[in-house]
Every structure is written in structure tokens, then in C-alpha cells.
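Worksheet for the structure shown next.
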Amino acid sequence: MENISYTNISGLFARTRCVPVVVLKTLEDTLPTLKALCDYGIPTAEITFRTACAADAIRLGREQLPDMLIGAGTVINAAQARAAIEAGAQFIVSPGIGADIAEVCREADIPYIPGCVTPAEIMQALSLGITTVKFFPANVYGGMDAIKALSAPFPQVRFVPTGGVDSGNLDEFLACDKIAAVGGSFFVKLALQKSGK
Amino acid sequence: MENISYTNISGLFARTRCVPVVVLKTLEDTLPTLKALCDYGIPTAEITFRTACAADAIRLGREQLPDMLIGAGTVINAAQARAAIEAGAQFIVSPGIGADIAEVCREADIPYIPGCVTPAEIMQALSLGITTVKFFPANVYGGMDAIKALSAPFPQVRFVPTGGVDSGNLDEFLACDKIAAVGGSFFVKLALQKSGK
Amino acid sequence: MENISYTNISGLFARTRCVPVVVLKTLEDTLPTLKALCDYGIPTAEITFRTACAADAIRLGREQLPDMLIGAGTVINAAQARAAIEAGAQFIVSPGIGADIAEVCREADIPYIPGCVTPAEIMQALSLGITTVKFFPANVYGGMDAIKALSAPFPQVRFVPTGGVDSGNLDEFLACDKIAAVGGSFFVKLALQKSGK
């Protein structure tokens, strides 16, 4: 895929600015869940390392659904980042920011979207060459008000709010030009409901 | 005491899930305050390094009340951690997280409970082998809503909310299985009131 | 100016506890804006590195208005800190905290006011020998309630709340002895309004 590298992540959100957070309890859930997302019009998945089958699910998804954009979420250390990339993850997302994870992503030249909720954490991201950050839990740490306030000293930064974003306020978030994309597990729920599963 | 080490702190909260934050203005206040806590049914004290007599108070408490669990709080650097441990502190609590303090506690093999309020800070704790963190000031940084939101990507973490917890909402906090214990100076106030001091 | 060094910043707020955040779109705006602040009774300016002319504006202001106290704001890396100091900046302000920026300021022996909103970030400031920190965005991260809560374990720290402070609540902030000064762009707006520009 074009325009996806450590320093250029514009390709990540070219098709959709929605990042479904996918928590898979068993490997068997992988393809039905990913296909439901595609049918719903969101061919993107952040498969979380909260469950043991995450790496296998990423590998399976990448093999069977090559047109999807599949990354790894809830990556909390360098070992997980390496496992995710080896399985074929096209991007890495963390709840917070980890310099060691950034290093692994830089070497593999794939995007890293770290979670940053304070100005100091955003400065750390910038020092690592990262300008798009997750903002989680968005509702707890001030939501749109926080993102607008942080955008004053950090005009170069784009945010991916996650947590507390849902169908009701999605449009409000996406209307803001400081929002690169919106993350959430609610996309998965909606997609599965529509697919009748 | 069993089950208290850097990597296993389960023994800390086996008798009570309450952590009284004890601020002692003079050394003479030590034993009356600690005895009042024991009489109140909470044989635990986090004696804060906010006052000059902290290390002496920990030493005195440990000598005179060997059945109490006595740790040091408001530890903000490695030198204080060393002084606290030398005085007999059985655990160390910080308002934030300090890697140098964690190192001192790991060497002494006693529990370190660092304050973490953002996902990045929790990731730092995990990288140091720590899974129980203080959440302070709890009321300012989102209270139970924040703890529930943070528990999604960090199911392995237990929290010790402090600040804004009081008699009125204590039970609500303790009812949540993500809460290891609750900290606060209000325990001390209640214990001293009951003791008539 | 006396009493302004890396370890002693008392001189910074001796004349006024207001820190106007000055965003200059063009170099030509520099002197009219700074003179308006002086006429308004606030001979202090934090010229932000959000715009390309920041270093030149600092140099011009220092040459033409030697009685003003002129620093640099929104400094997010060591290179900007060096450029600001070379241009004559008398103090450096960051939205978050950067250890590399602190090092540059320590070598130049000028005050560094880093942004800190969590206990861990305040502990990092203390470890760098810094006891006055910016609290930004103040309204998003709990305002006065947060500052009061953070002052319990950190009695030695003074705060410079910025963001969400305005004419309406300025006096409330300044009344608190934990507040070293108040920052904001609203001072500039008020000064320019009064000057008729």
C-alpha cells in the first residue's frame, strides 16, 4: 500500500477515518468479524494484543483479506510490536507511548500511533518523529475541548480519539480538522449487528 | 510477612484494602496515630515524606508496633526511598512514577506503588514489572470512569485510587475488582476521631 | 536582571504575576504588541515558537525594549531552546516537559518553566531541579482543584496555570499562594484593545 511508512501515515486514513478496535476471543472469530467490517464499509482493523490469539488473527486476516488494512492495538512493549509486525501488522497502536516500541516500528518502517494525553507525552512523540497520536481515554481526558486546547501549541499534531466516541458524537469528532481518525470498538458492534451475527 | 516482595504485593492488602495516608508533624504524634489506626481496624500506615520526621516515625512505628504494616509515602526520589527502606519501610508509594525509585525497591525486594494517571505512565510501570499503581488525584483525573476505561487495555493492572475518596464513596471504589486498595488521609481523621484524640 | 537563573526564578514574577502568551504572525507586529503590553502594565512577554518569526521577534524586543522581560514559549525541543537563548530569551516555557530543553537552560543558566500536569511529570521536574511548572491546559486538567490536590504531596511546587484562565477567573487563581503566575493570550488581547489596535 502506498503512503504508509513510519514518517508518512497519510495512506492509513485515505479510505476511511474510522479505526475499529477488534478484540478477538478466539481465532475463529477473526474472519467473520473482519468481513463484517468490510461489508459495513470500514476495511480497517486494529486487532488488539489483549487476547492470546492476536498475532495469529493478524496473520490470518492479512492472508485471507489482502485488501484490508490490518494493524495491531494495545501493544505495550517492544516484544509485542515485533510479534505483531512479524505476523504482518501494517501499523501499531499503543494505549500510551513507548520509545522502545517506536524504535521497532521505525526499523520496520511502519506507522506507530502512540497514546498521548499530556503535552509532555506529545512532545515525546514529536521527538520520535511522530505527529499522529491516539488520545485515550478521550472522554476521561477532556474530549474535544482537550484536543482543541492541545492543538494551540501543537498545530502539527493530528489526533485519533478513542474511548467515549460512539455513533452519537462520531460526526462531531470527524468534523474537526485536528482529528486524523476515530478509534473504537463500537464500529465492530455496529458491523456485526448489521451482518446479523 | 509473607507475600510481600517487589513482584508480589498480594500480602499488602490481605488484611485490609485501606491505606491510611499519615502526615506526622512531630515524632511524638507517631504512636498515638498508629495505635488509633490499629484500634480502628486498619493496621496499615503510609507515612509520608512530606515532613522531616518521616524516617524516624517509620523506625519508631516498626519497633513499637511490629504487627502493623508500615510503608513510606510521597517518596519522590531514590534518596528518600533508600532512607525509608533503611528505617524499615515495608513498601514505598510515590505520587508519580520514578524509574530510579523502582530500582531501589527492586534491589531491596519490597513493593513499589507508583502513581500513574495516563496510559503511558501505566506502560512505564508495566515495563518495570509493576502491576499495581496508585491513581492520584483520583477525583481530578476521572475517578472510577477513568479506572474502568484504563482497565480495558490494561486488564492486568490494579489501582489504588487516592484523593477524593472518602467515607461517602469508599464502598463504591472497593466494590470494583480493579481496585487493589483505597488510599487517603480521611482514614486517619476517622480513626483519631473515634479514639477521642 | 537580578534573581533570574536556572535555580532561582523569583525575579521573573517580581513585577507582575502575569505571563502574556504572544503569538506573532509577522515581525512587524512585535513592537506594537510588546509596547501595548507595557502600557497595559504588564512588561512581560512569552513569545511563542509557533510562528517562524519568533527568534527574530525576541531579538528585536530585547534590543528595543530592554526593560521588558522577554522569554520564549511553546519551545518543544533543544534546538528551539538554543535558538531562543541565542536571540536573547530570558526564560524558556514549554507546553510539556523536556529533559533536553532543561539541560540547555541549565547550561545557559536561565529559567525553564516546563508544562507538567501529572504527578510523574512534576517528579521529573523536581529531579531536574525545577520547582515552578506550567499547568496546561489548566481548565482541561482540573484547574484549581487539580492544583490544590497536587500541592498536597508537592508543597514545594508553584504553578503557572495557562489555558482557560481569563479576566473572569484571574483573581481567583492569583489569590492562591500555590500560583506563581498566570499565563494566557488573553492579556495580549486586552492590552491591544486598550491601545486601540
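Letters A, B and C name the chains as they come in the text, with residue numbers starting at 1 for each one.
One rule holds for everything that comes next: a residue touches a chain if its C-beta (ideal position, glycine included) is under 8 Å from a C-beta of that chain, and two chains touch if they have at least 3 such contacts.
For clarity, every value in this text was computed on a predicted model and none was experimentally measured.
Q: More than half overlap in residue numbers between the two sides of the subunit A-subunit C interface, or less? Answer same or different.
A: different
Q: If I superpose subunit B onto subunit C using their CA atoms, what angle of rotation comes out, to the nearest 5 degrees?
A: Rotating subunit B by 120 degrees superposes it on subunit C.
Q: Between subunit A and subunit C, what is the gap in Å from one C-alpha centre to the other?
A: 35
Q: Using the touch definition from the top, which residues of subunit C touch two or more other chains?
A: If we look for residues of subunit C contacting two or more partner chains, we find 118, 121, 124, 141.
Q: Hey, which residues of subunit B end up touching subunit A in the complex?
A: 118-124, 126-127, 141-142, 145-146, 149-150, 152-155
Q: State the interface residues of subunit C toward subunit A in the complex, per the touch definition above.
A: 48, 50, 73-74, 76-77, 94-98, 100, 114-118, 121, 124, 136-137, 139-141, 163-164
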